[in-house]
Each structure stands twice: as C-alpha cells, then as structure tokens.
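Below are two complexes that have subunit A in common, paired first with subunit B and then with subunit C.
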Partner chain A sequence: MSLLEIDQLKVTFDTRYGQVTALDSVSLAMDAGETLAVVGESGCGKSITALSVMGLIPQPPGKIAGGAIRLAGEDLTRASEARLRAMRGAEVAMIFQEPMTSLNPVFTVGDQIAEAILLHQDVPRDRAWKDAVALLERVGIPAAAARAQDYPHQLSGGMRQRVMIAMAVSCRPRVLIADEPTTALDVTVQAQIFDLLNEIQRDFGAAILLITHDMGAVSEMADRVAVMYAGRVIETGTADSVLDAPQHPYTRGLIGCIPSLDTAGDGLAEIPGVVPPLHLLGAGCAFAERCLHVRDTCRDTKPRLTEKAGHHVACFGAQEGWL
Partner chain B sequence: MTALLEVRDLTVRFALPRPAPFQPRPVLEAVRGVSFTLEAGRALGIVGESGSGKTTTAMATIRLEEATGQVLFEGTDLLGLSDEEMRMRRRDIQLIFQDPYSSLNPRARVGDIVREPLDLLGVGTPEERRQTVRELFAKVGLREDQLSLFPHQFSGGQRQRISIARALAPGPKLLVCDEPVSALDVAIQAQILNLLARLRAEMGLSYLFISHDLGVVRHVCDVVAVMYLGRIVEMAEAPDLFAAPAHPYTQALLAAAPTMARRKSKGFSRPMQIEGDPPSPINPPPGCAFSARCPKAQALCRETMPELRPLNGREVACHYPG
Partner chain C sequence: MGSGFLLRRIGYGLLLMLGVVVLNFLLIRLAPGDPAVVIAGEMGGATEEMLASIREEYGLNEPLLVQLGIYIGNVLRGDLGESFFFNQPVAHLIALRIGPTILLVVTAQLLSIFLGVLLGVLAARRPNGVMSAFVSVFATIGYAVPVFWTGIMLIILFASVLPVFPVEGMTSVRLRDAAWYVQWLDVAHHLVLPAFTLAIIYLAQYARLSRASMLEVLGSDYIRTARAKGARERTVLFRHALRNAALPILTVAGLQFGNLISGALLVETVFNWPGMGRLAFDSILRRDYPTIMGVLFFASAMVVIANILTDWSYRLADPRLRGRT
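Moving on to the complex of A and B:
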C-alpha cells in the first residue's frame, strides 16, 4: 500500500456551460520520501488534483463524483470536515504559488508558524514560538529569531516562500504538496528553494507532490512524474523513463517545446492550438485536435493508460506503434 | 554590419518619496551607465532578475522613460529629439509587452487595434491600411474572419499574435520585446518564439529582447547582456556566453536555471549556488554589487566597482573573471 493513493478520482464542477469533468479517472500513488511531479499546461487539472487531496474543492460548485483518495489507507473523500481539519497541516501540508497572498499580512511570520504548531500539537505557546524560530533557521533564514518578529511585507519573495515551507513542515507532515512553489520567484532563488525542498525531504522523509509546468524542474526534483492533459493522466512513470523515452505526443511536445540552455538555434517543436475548454471535450482523446498523428479511433474513444516502454501511457498511437 | 542602435552610458534615476518632511528625496539609480550596440538584423537579449533594470533599460532606450546618456538610432540621438520628431520616429521602433491581457484595448475590435498605428502615422489611404492589416493578420497566423472580434475572444497566445501584428503595422526596423512569452504556457511560448524567429528572418527585423528566462534568450538572441542591479555585468555572443560564462553571476544564473540535463535520480550538485537576494538599488554597496552574494569575492570586490572590460571577445565587469 502506498502512503497516498488517488484512485480513479473524478471531480466535476457546475459551470454556466453545464457540468464539466475537471478530473477524470485520475490515479496516482506516492510513497514516503519520494517526489511525484504533476505536469501540464494551465487548465489540465494539476491544481484541482492538489486541492482534492487537501479536501479544499469548493462544494458546490465542485463535487467529488467518484473514486477515492487514500492516505495510509484512510479514504479522505469520506472523511468528516473535523477529520479533514485535523489532517490538513498535520499530515498533509501545502505550499502555494504566491507566498505574499497566502501569508496573513497583519501577523508576524513567527506567530503564523507558531499558530500552525499550536493548532496541531499540545505544547505551550513559548515552546511553539521556539519551534517556529528553529524552523525558520532550518529553512535558511539568517538571524531567525529577529526575522520571526517581522511581518510578511518586510521579507523578500524568497524569504516568504521559506516561511511558507517552514510553516508547512512545522508538524512534520507525511505529504507535502507544492503547487508551483517558485513561479513568483527569480531563478537564483528558485534554485535555492528547490534545493531546500530536496533537503527537507531527506531530513523529514516526507512525500512531495510537486505541481509544475517546467520539465527542467521535473528533471531536477522528481522521482516519478505524471503528465496531465484536460483532467486526465496521459503518461506516468519514473522521471527517467518518461523524460528519456516519452511516448505520448503531448509529452514529447512539452519536452520539445522548451527552449533549452544546451541547444540553440533551430525551430522549437510546436504543439499547435490550445488546451480545449472542458465543456467542449468529446468522446475521444482530448489531445486529438492538436495531435499531428491523429486517426479516427482517437476521435471516437478515450485511450486508457497501458504499459509501454517501462511506464504507462494513454495513447492509441503509442500502444499500437503507429506514431 | 552597421549599428542600428547604439546606447552609450544610459542612466535612469527615479526620485523616491521623501522619508520625512523637508528631507531630500532619495534617488534610485535603476540603470547605471549602460552601453551596448545592436547591429541591424540581429537580436540582443537582456537578461537579469527582477529589479536588475532590464525593462527600464529597454523603456529608456525607446524614450518611454526619462534617461541621460545617448541613444543613437541610425546615428540620430533619440534622447535629443523633440516630442514630435520622436513621435514620427516611433514607426521604426515598436514594442511588444509582456501581458497580452492588459496591453490590448478591451473595447476595440482587433482589426482596429492593429490598424491604429497606421491611422496615427497617416500611412496610405484607408483602403491600403485595411489591406495592410489583412496581410499582417495572415503573417502572424490569424484568420481574416477574426478581424472584427474583440480581444477577450482570443486566447493568450493569439492575443500576443495581435500585439505582434500591431507592432509590425508601421513597418518597424527595431522591435523591443519585453518578456513577450513569460505570461504564456510552455506550448504556446514555443509557437510565439517560432513566430518571432520567422518574422525576423522574413522581414530583416532587429530585436531588443528582454527576458528572465535564459533558455528563451539562448533560443532567440545573437548577443546577450546580463544585468545585475542596474549594470551590465557580462555581454557576449550568445554561444560564447552559454558555453563559458565568465562573470560569477552569469555562472550562478546558468547553474540555477532548471534543466533536463540535471536529473534527480543521477544526483547532481549545482556548479555554483549563490545565497540571498539581490541587494536594494537604493543604497548599492560601494564595490561590486554582486560581491555580497559572490563565492569568489575578495576584499578588492567590496571596495572597488569593476568596470566592464573586454576579455577574449566579450565584455565582463569582474575583478576575477572566469
């Protein structure tokens, strides 16, 4: 049994276009101490997957229409709100994209970390504060005792994200979800945060669910990867297998379209068109409209994930070998 | 090759609010003595982190920001032109913005948005202008039946195509691109970068290209200038810069950019990892601005500012390059 298992999860949303399926038969699994990267363009369902695990899908308009999310065997989709509240932060914690909007501007960062500790642990306030300072030190904030007295606006973007990480690991969660944790940061600071997350994982043994659109980040951070498109996992396996031998045309496109540091010059691989709106998805493969290899079967039936080249891919072309 | 654009000793200062009544207003030097040359038909990239002054440099170059120094465009100093002379000169220098959502008027039809520069400059007859717009639409990969739609009916990538069509309308020689793909999804980025490459080849354009993404700059640019705290710290032909960065900051940038060449399973350590954040441009340190974060810094670096000096066919501002 894996630590976290998402099993055939289906999430729907009521919109003005009617009910749309934001996640369709999504299955993912992670073990302690490993990093799973979920990649894809905006609107492919990465963040909805993360919010589902946290029990933060707004219901309504959202609804978990099927499947299960099992944390060490316990199905979170059936858990009570009280149980979810106890779980969030203590067992599963999340780091958001924008540290400025996810920190409270009117409390010091030390207070905010201590609050997380007090919510989940039976410790006196001064002990919680000491722990908060120790955590700030652990995430590489210089003069941590003084910085703990600072308000979020007094810190730089990179420091704020470190505070978020300190808060997220304050209760030693088993699963850490990082939703594009470095999008708002400069590249040198991004590297610092990536290296810090890897260190934290070594120290605390947490499983990290990393949401990103950057294949370079996947390569540097992930043990395993799941590529999502229009609410479905279309390719998944070890990072080595998926990055070295991508099978799905979308994954190949995502890798080929990155202007890389190592090669210059000629045209980038293009994926024509855009991700289709969810309410316009048909019966077939959601990528069919953008795929250069599309055949009639692709438009009629959705491909399922099957094994190919050491990992799993949902593509008729890859499965039948006519790509 | 002739120099299309020659920037000499460009400096941009912003006066900040007074800290207290009757005190002088502190001055922030966002761009400090920047010089570079862009030859016709080439693309010069400016990279740097936020606050490095890369956008301010570009905006000052095209006189959208007050600056001192010289900006010679085909030999004419743009900073010395009258407003009306500058307005007429703008047909040669056009701009693409970062955010395709806020840079198009939501209440105008996209055909009109693209035609507006031609109307303002009084180019040709109304029918000729409409014809030009149709040609531009085809050139950037949009369809003629989309001319009468509004910006909100387009995706981000298509909006950036509209921005590009508008910039191309007056027939510019220089296109200033300010982070043109950073608001777009990776797959869409590739479409726009390929379009920019094709347009440059077809129309003989020159680009002044601002980006924080080294991969994008590597892909688009012939020459790259790396900025740190308002100054150029290294400038070189792109292949040289990426093959063997000489300034420690360039080395750190390259080591930090995520790449598929580094794999977690194989283990890696970055060749250069720097700590902290860029210092504030309000009170820059006396010596090299990078000295506080630089692992190679010596006493000299903290006292004396290194000048940008030629070194093996490139220019580097570092006491201990390499």
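Moving on to the complex of A and C:
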C-alpha cells in the first residue's frame, strides 16, 4: 500500500459553459520519502489535484465526482470536515506558488508558524513560539528570533517562501505538497529553495508532491514524474526514464522547451497552440489539435495509459510505434 | 508606531481647527440679519440708541477682521463668548450638553460598526445565501430611510404598541435619588432608541461594506493558506479575514463620524435628548451667534479627534502602514 494513492479521481466544476471535467481518471501514487513531480502547462489540472488531496476544492462549484484519495489507506474523499481539518497541515501540508500573497499581511511570521503548531499540537503558546523560531532557523533564516517578529512585507520573496516551508513542515507532515514553489522567485533563489526541500525531505522523511511546469525542477528534485494534460495523466514513470526517453509528443515538447546554452541563438522552442478549454474537449486525445503526428484514431478515441519503454504513456502513436 | 506620527497629526488637527474657527465666523457674519436687532428683540423692543449701545457692548462696530481677531484671541484663551439668548457663557452651556452627545454618538458608532460588521461577515460566508440577501435589502432600506422617520416610527412602536423603552429624555425624574448604578442603567435604558435610530443608517452601510470587503479578502491566497493549516472556518473568518477586511470599514467609519454628529442633531430633537444637537437647533433658530459658533467648534473638534483616532487605528490594524508617516 502506498502512502498516498490517488485512484481514478474525477473532479468536475459547474461553469457557465455547463459542467466541465477538470480531472478525469487521474491515478497517482507515492511512497514515504519519495518525490513525485506533476508536470504540465497552466490549466492542466495540477493544482486541482493538489487541492483535492487537501480537501480544499471549493464545493460548489467543484465536486469530486468519482474515485478515491487514500492517505495510508484512509479515503479522504469520504472523510468528515473535522477529520480533514485535523489532517490539513498535520499529515498533509502545502506550500503555495505565491509567497508574496500566501502569508497573512497582518500577523508576524512567527505568529503564523506558531498558529500552525497550536492548531495540531497540545503545547503552550510560548513553546509553540520557540518551535517556530527553531523552524525559521532550520529553513535558513538568519537571526531567526528577531525575524519571527517581522511581518511578511518586511521579508524578501525567498525569505517568505522559507517561512511557508517552515510553516508547512511545522507538524512533520507525511506528505508535503509544493505547488510551483519557485515560480515567483529569482533563479538563484530557486536553486536554494530546491536544496532546502531536498534537505527537509531527508530530515523529516516526508513524501513530496511537487507541482511544476519546469522540467529543470523535475530533474533536480523528482524520483518519479507524471505529465498531465487537460485533466488527464498522459505519461508517467521514473524521472530518469521519462526525461531520457519521453514517449508522448507533449512530453517531448515540454522537454524541448528547456533552453540550453547549445541552442542559444536558435530562438526558443515552443509547443504550438494552447491547452483547449475544458468544455470544448472532444471524444479523442486532448492533445490531438496541437500534435504534429495526429491521425484519425487520435481524434475519435481517448488513448489509455499503457506501458512503453519502461514507463506508462497514453498515446496511440507511441504505443503503435508510428510516432 | 512612533509618537512623532501622533504629534504631527495633532498639529495638523489644531491647524484645521483654526481654519474651522475662521470659516465659521465668516460664514455666520455673511448670513443676512443684524445680531443687534436679535439681541434687542430678546430684551423687548429696540430703539436706535439701544441698538447702538448693544453694538458698542458686543464689539459689533469694529471692522470684521478686527472682530475675527478678537474672537480667535478669546477662543485661544478658552473663552467662547456669552450666549445672546441664555445669557450664560457658551462654554458652560456646551459643557452641560457635550456629555450626552458624546454618549449618544459613540454608542451609535460602536453599535453600527459591531452589528454591521457581524451582519456583513455572516453574509460573506454564503454570498448567495438568505443572510446575504437580507443584508442587501436591509442596507438599501436603512440607507434610504431618513433618520427622523425611523425615530418617529420607533417612538410610535415603543410608545404605544410595545412600551419597553422610554421614548423621551435621558433620565427618569423619579430615579433622581437612586444609587449611581441604577441611574446609569436608567440612562442606558433611555439610550436604546436614540442610539439605535442613529445607528441604523450606518449599520446598513457597514454591513454592505464589510460583506464586499470580506468577499474580496476571502478569495485571497493567505486565506487558502489558513485553511490549508487546518484552521476552523470561524478562525478563518474572524481572525484571518476580518482584520484584513477592516481597513475600508475603518476608513468609512472615520469619514462618517461627521455625518453621525449632524444626524445626532435630528435624533436629539426627535427624542428630546439633552445634547448639543438641541442646543445647536435652538441657537440657530434664535440667531444666537456665539452659541452656534461654539457648538460648531466642538462638533468639528470631535470630527478632528475621530479622524486622528481613525488614522491611528489603521496603523494598529495594518502593520504595513507603521513604517510610514
């Protein structure tokens, strides 16, 4: 049994175009101490997957229409609100994309970390504060005792993301969800945050669900990777296998988009087109309209994940070898 | 939060008060009518010699700017002049009445903020729910209905239909010798209807404003963070969201304080509340210039003080403002 198991999860949203399926038969699994990267463009369902695990899908308009999310065997989609509250922050914690806006501007950062501790642990207030300072020190914030008294606006973006990480690991969660944790940060700071996440994982043994659109981050962090497109997982396997031998044309495109020094001057590679709006998805492969290798089958039938080259891919071309 | 900020604000406030004194003085002198005639009228009939001696006595023969200079000099010494009508020092008249007015205005302000914000927060919890619809309708009615009408309706309701609250005055004569706490309770009992009447307009506005402000804040990233920590919905609403939503409410509350004081004039008249509003009303009808100017002086002082307190409470609510001046 895996630590976290997302099994055939289906999430729908009511929109003015009618009901759309934001996640369709998404299955992911991760073990303790492992890092799983979920990759894809904006709107592919990465963040919805993360929010589903946290039980934070706004309902309505959102709805978990099928499947299960099992944390150590317990199905969170059937859990009570009280149980979810006890789970959030304690067993599964989350780091968000925007450190600038994810901290409450009117409380000191020490207060906000201490609050997370007090919500889940039966400790006195001064003890929680001391723990908060120790956590700030642990995530590499100099003069932690003084910084704990600071308000978010007094800290840089990188420092705020460190604060978010300190808050997220304050109760030693078993699963840490990091939703594009470095998108809003400088490149040099990004590397520091990845290093910190790796260290934290070593120390705390948490499984990390890393949500990103950055293939560089994947190679830096991930043990395994799942590529998502328009609400479905289209390719998944170990990070090495997927990065070295990507099978799906979309995954190849994503990897091709990483600029390197060798390609300097050739212009940036891109995947033509955009992710189709979810309410316009047809019966076939969602990537068909953007795919250079598209055939009639692709437009009529949805490909399923099958094994190919040591990992799983949902693409007729890859499966049948005509890509 | 340095004391420099507060000192600077008080300095501005004093300058503002000086401007108010000058403007009040000039505006009232520009109004048609001769104060000497009014004063003489109160004495019963005016001959030309009598008017001349009154003008001499009250300094009305001097050029306007000299009169202004004398008046400002007097105000700076704490002398607001003598009422034409009551023949008492204006400062004394106001001292007797400013207490009830402050009591009424501050109670109404606190009542409207507390109830308004509570309604607004409850409405924001479910933007499409029953409570939300109620707040919208109530806000529209509360804002549209004139305060004297609300007052009169409440008087009718509580005088004849449901006589549980006194509809007139501030104290009961029969309790004059009762223990202090009985007298306090008696004043509080008398305060219910006037304070509620005055509060209702602003209550409706605050409810609407807090609903909008809360809805905006509830969509922000740090609210999602609070939920992701495992905080209860109540904690999310009242601890994490409300403090951020409070700024626009504070702004409006500060701005509305002046309107609240002018609203108090009507409410005091309707409920016969012995405050400055009644004094202003009486002295305007009688062209009692020194009293009008005294009342205006104190009313603007209250507004200036309220604004200083508002600025100061911003800084309490929002740490981002503390480093600035």
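Here is the rule we use: the second predicted complex is superposed on the first by the 314 of 323 C-alpha atoms of A that agree within 3 Å, B and C clash if a C-alpha of one lies under 4 Å from a C-alpha of the other, contacts with A are read in each partner's own complex, and residues count from 1 in each chain.
Heads up, the rule we're going with is that a contact is a pair of C-beta atoms (placed from the backbone, for glycine too) under 8 Å apart; a residue touches a chain by one contact, two chains touch by 3 or more.
Please read all numbers here as calculations on a predicted model, not as lab measurements.
Peer 1: What does the overlay on subunit A give for subunit B and subunit C, a clash or a fit?
Peer 2: When both complexes are placed onto subunit A, subunit B and subunit C end up side by side without any clash.
Peer 1: Calculate the angle at subunit A, using C-alpha centres, between the directions toward subunit B and subunit C; round to the nearest 10 degrees.
Peer 2: So the angle at the centre of subunit A is 80 degrees.
Peer 1: Once the structures are superposed on A, label A:F204 by its partner contacts, choosing first (subunit B), second (subunit C), both or neither.
Peer 2: Once the two structures are laid over each other on A, A:F204 reaches no partner at all.
Peer 1: After lining up the shared chain so the two structures overlap, which partner does A:S219 touch, if you call subunit B first and subunit C second: first, second, both or neither?
Peer 2: So A:S219 only meets subunit B here.
Peer 1: For the three-chain arrangement built by superposition, which of subunit B and subunit C touches the greater number of subunit A residues?
Peer 2: The partner making contact with more of subunit A's residues is B.
Peer 1: Just checking: does A:S102 make contact with subunit B only, subunit C only, both, or neither of them? Give me first, second, both or neither.
Peer 2: A:S102 sits against subunit C, while subunit B stays out of touch.
Peer 1: With the two structures laid over each other on chain A, which partner does A:P272 touch: subunit B (first), subunit C (second), both, or neither?
Peer 2: Once the two structures are laid over each other on A, A:P272 reaches subunit B alone.
Peer 1: Looking at the superposed set of three chains, what is the minimum CA distance between subunit B and subunit C in Å?
Peer 2: For subunit B and subunit C in the superposition, the minimum C-alpha gap reads 8 Å.
Peer 1: Quick check on the output: what are the common subunit A residues between the subunit B footprint and the subunit C footprint?
Peer 2: Overlap of subunit B and subunit C footprints on subunit A: empty.
Peer 1: Report the residues of subunit A in contact with subunit B in the complex, numbered from low to high.
Peer 2: Where subunit A meets subunit B, its residues are 35, 41-42, 140, 156-159, 186-192, 194-195, 198, 213-217, 219-223, 238-240, 243, 253-262, 264-265, 267-272, 274-275.
Peer 1: Any idea which subunit B residues touch subunit A in the complex?
Peer 2: Residues 49-50, 155, 157, 185-191, 193-194, 197, 212-216, 218-220, 238-239, 242, 252-265, 268, 270, 273-275, 277-278 of subunit B touch subunit A in their complex.
Peer 1: Quick check on the complex: what are the subunit A residues that touch subunit C?
Peer 2: Those residues of subunit A that touch subunit C are 54, 56, 85-90, 93-94, 96, 98, 101-106, 108, 115-116, 119-120, 151, 153, 164, 167.
Peer 1: Report the residues of subunit C in contact with subunit A in the complex, numbered from low to high.
Peer 2: Its residues touching subunit A are 220-222, 224-232, 240, 243-244, 317-320.
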